[in-house]
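The following pair of complexes shares a single chain, subunit A, combined with subunit B in the former and subunit C in the latter.
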Partner chain A sequence: MISLMEVSRWYGMVLGLNRVSLDLESGVTGLLGVNGAGKSTLLNICAGLLLPSTGSVTLGGKSIFANPEALRLLGYCPSVDHFYEEMTGLDFVAYLARLSGYSQDEAMERAVRTCREVSLVEEAHYRMCRMSKGMRQKVKIAQALVHDPDVVLLDEPLNGMDPRSRVQTIELIRKLGEAGKHILVSSHVLHEVEAMTSRILLLDRGRILASGEVLEVREAIHSRPLRIFLRCADARLMGAELSAWPCVLSVSFSPDGRGITLEVSEAGRFYRDLTALLSKRDLGIEIINPLDDNLAAVFEYLVK
Partner chain B sequence: MNQVALRSIFIRTARHAASRSGLIFLAVFPWLAMLIFYSLFVKGRVSGFAAYNPYQFVLMGYYLGFFIPLSSLYLGVSLISSEIDSGTLPYLFTRPVPRPLLFLAKFTGAFSALAVLVILSQAGTYALSLRMTYFTGQSILDFLAAAGVSVLGILVYGALFALLGLALKNPYLVGFLIGFGWENMAGWLPGFFKRLTILYHLHELLPYPPMRGGPQDLFYQGEYQWAAFAFLLGYGVIFLLLSCLTISSMEVVPRDTEA
Partner chain C sequence: MPVYHQGYETYQGERLPLWWRWVPLWREEIAPFLNSRLFLFFMALAILPWALVAISQVLLHFKVMANVPVFDEKVAAFLLANPWQDFMMAFLSIWVGSGLVARDRRDKTIEVFLGRALSPVQYLWAKAFSLAGFFLLFTLLPVWLMVLLHVGITGDFFYFIQHFRILWGSLLYTVVGVGGLVLFVLALSSLSSSPRLTGLLLIGILFFGTTAGTLFGALGNNPWASMFGILLELSVLASHCLGADEMFKVSFSHSMIYFAVLTAASLGLLWWNFSRKRLLR
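Now for the complex of A and B:
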């Protein structure tokens, strides 16, 4: 749906984005990066608010900047906390629905429905200036969804939300992804991204460092072997068996003698061989726990 | 589809403009002045103004020389910049509304509200001036013609200041210098320069004779009214076209975001 081709963006002498190319697939994609990595620049370019210095951005095959035909397919939730403060949340969402072309009644009907989807019911009738940060976040998300767009860009959507609202919003984003929407969501909080999706786009200093499923990305980091912890009845025997495998690079024992930590070069091959071994012999394995195939590890290895 | 969106933008902008207390004060102020003027007239202390119609005096001095340029400057500059300052422009720019139409809907909304405010204010001032029957030139047709000139002034000044608001970083300062510096100063200059002002053409369109001996006398050089109208129309169209071009290529960075 949304496609970037060799997009770069300068701010004076500062390079905000550096030759970024991507095709946003359906489902949820987590956009990760430290502050200044270029996440918001990327989202603003995708939203048609900024022009790329070089390269092109299209949505549904059409250039997106100031193009109503492309913008019809887009929902954008900015990270900044600004509204028409004198309006109620419901009126704000309904107003923006009318700007998407819906009649007065239809816009209000959609606004009510969307506010309910983001868990704003009574609170939707509060004036924006009286709303808590979490409620305001929900209003921002509601206005991005009210016209049922195919592509949704969410810039830090969980900021300021209480834990319950976070869970509800994560669930909503997951459902939208499962419904086939193309969703790009940026966040600083890795475990929240992990709860929404396993597909990531990792930015660092304006460049895409990695993209794809977290496990695929993790396996592609050859400089850091995957670490796996095993707990079993006879760790020495197990260690001796596994150390002979070519994909196992190192074996270390835990102080109690019942656990071993392996460094593995090819996770897929290791798990296949281990399954085959366990089908032949009972080694009394209690726990198999990959230690660094999660998003936090990927982020740490690639960015820090 | 655009009609619903544009109507919504128009109504919201018009309501917002009409509720500005500063503009309401400026609209009511000449009524107070007129009442004072009337009390002086009753006491016989304004005989020196006997040659002038008090409504014409207020129209030229206050409405065309002050209220309309000042309020147009405020509304025109803030038309888009207020959305930028309040951080709400990204919501508008990510909706499927052509940007030039979005701008024009806001423009007509704000300046329709101002036009209504000015005409109501002028109607009150005109009605008060009728109490002073000592003066001549009180035809209702003249009032309507003067109201039309005021509306034209609002649109042209509005277009100019809206363009400044879109194109400049310090639009208020530049707008003030143009509205209250250049506009008045150029009227004193000989030759073609005065035709590069809005005020000169507005004065030419007024149904009242020039006030001889006053500063307005300097503006008076006997231009055809159709020429004055054509100049104003041309200025307005040029300013609006440039504004539409500017907003079409305008970038927005939501504030407080990383680079």
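Now for the complex of A and C:
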């Protein structure tokens, strides 16, 4: 839907994005990176707010920059607050719905519905200046969704939200993704991204370091073998058995003698072979716990 | 608390065509002014001279009053080019114009607007029309209404032909002069993210420029001194457009060039700011 081709962006002498190419698929994609990695620059370029220094950005095959035909398909929730402080949240969302071409009644109806979807009910009638950070954040998400866009860009949408609101918003984003929307969410909080999606786009110093499913990305990091912890009745026997496998690089035993930690080069093959082994012999395995196939590990290995 | 059902069904109803998307922005821009009694009071003051002349024309026709000049090019030029009109133009420019783009830059709402299906041209058109709409209420609109009133009460359709210059002259004045002023204010407003600073700049340029132009003109007897003040130039343009050439010493071409340069500079500045959305950085 949204496609970037060799996009670079300079801020004077500073390179914000470095030859980024991507096609945003339907569903939720988590955009990760440390501060200054280029996440907001990427989102601003995708939203048509910044013109790339080189390369092209298209949405539905049309160039996105200053093109209302393409921008009508897009909803953008920026990271910083953008409000008329004297307006109520509901009025602001309805106003932006009117800018998207809905009649006054339809705009208000959609604004009420969208505010409910982001769990703003009575608070939607507060003036912006009276709203808490979390409420303002919900208004920003509501304005990005009110015109039912196909592509939704969310820049740090969970900032300032209380835990309950975070859970609700994560659930909403997941549902939107399941409904076929193309969603790009940037966040610093890895476990929240993990709760929304398993597909990531990892940026560092303006370059895409990795993109795809977390497990695929993890497996592709050959310099760091996957670590798997096993607890079983006879760890020595198990260790002797597994150490002969070509995909097992090392075996170490825990002090209590019941646990072993393996370093594995090919996780898929290892799990297949292990399943086959367990179907033949009962080795009394109690726990199989991959230690570093999660987003935090991927992020740490690639960025640090 | 439940997460409510998301209505993903594609909207099947009518949507405003893309080219009319500026209308809600314009409506939202003028709404606070129309809700302000003080603003409406000042608008009434701006229209007051026109209303008085309209009443005097009716009284003249029904012979209730005598010694009132018939509404013609000179009366129209006087009404468009006098200190009261200048003051009102300046006042409105500052009140309405200072926040046009600056307020959106301050609140950062400009990112939200330009991130929607709204092109920079539509955005600027909505903003310009907000100010121009108020200007029209005491420039072009009353002139044409006065002509209609005159024809209406006298039944003299030859008036249209005899005084055709009032119609095209006032139109030319509005397009070139008022349009130039609106673009200038808009460009100035896009320079800063502080409506207050823009307002102060406008006060300096509109009030002190006009005063400086008048003073230099009077002291040095130099007709070119009018170029210091946009409002003074606007008066010069009005008098020329309506054929009251004796009111000012500078030529028609001088006025036209002045506003052509002003408009080109303003458009250039707006293009610079908006073409690559530099003001979003």
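Throughout what follows, the second predicted complex is superposed on the first by the 304 of 304 C-alpha atoms of A that agree within 3 Å, B and C clash if a C-alpha of one lies under 4 Å from a C-alpha of the other, contacts with A are read in each partner's own complex, and residues count from 1 in each chain.
Criterion: contacts are C-beta pairs under 8 Å (C-beta built on N, C-alpha and C of every residue); 3 or more make two chains touch, one makes a residue touch a chain.
Quick caveat, the model's predicted, so the values are computed rather than measured.
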| item | value |
| --- | --- |
| Superposed partners subunit B and subunit C on subunit A - clash or fit | clash |
| Touching partner for A:Lys39 - first (subunit B), second (subunit C), both, neither | first |
| Touching partner for A:Leu59 - first (subunit B), second (subunit C), both, neither | neither |
| First (subunit B), second (subunit C), both or neither touched by A:Arg72 | both |
| Partner chain(s) touched by A:Leu262 [first = subunit B, second = subunit C, both, neither] | neither |
| First, second, both or neither for A:Asp148, with subunit B first and subunit C second | second |
| First, second, both or neither for A:Arg116, with subunit B first and subunit C second | second |
| Touched partner set for A:Ala124, first subunit B, second subunit C, both or neither | neither |
| First (subunit B), second (subunit C), both or neither touched by A:Lys175 | second |
| Partner chain in contact with A:Ile200 - subunit B first, subunit C second, else both or neither | neither |
| Intersection of subunit A interface sets (partners subunit B, subunit C) | 11, 44, 47-51, 66, 68-69, 71-72, 74, 76, 78, 80-84, 95-96, 98-103, 143 |
| Subunit A residues within the subunit C interface of the complex | 11, 44, 47-51, 65-69, 71-72, 74, 76, 78, 80-85, 95-96, 98-103, 106, 113, 116-117, 119, 143, 145, 147-148, 164, 168, 171-172, 175-176, 179-181 |
| Subunit A-facing residues of subunit C, complex | 1, 3-8, 10-11, 13-18, 21, 24-25, 28, 107-109, 111-120, 122, 276-277, 280-281 |
| Sites on subunit B touched by subunit A in the complex | 1-2, 4-5, 8-9, 12, 86-88, 90-99, 248-249, 251-259 |
| Interfacial residue positions of subunit A with respect to subunit B in the complex | 11, 14, 16, 35-41, 44, 47-51, 66, 68-69, 71-72, 74-76, 78-84, 95-96, 98-104, 107, 143, 155 |
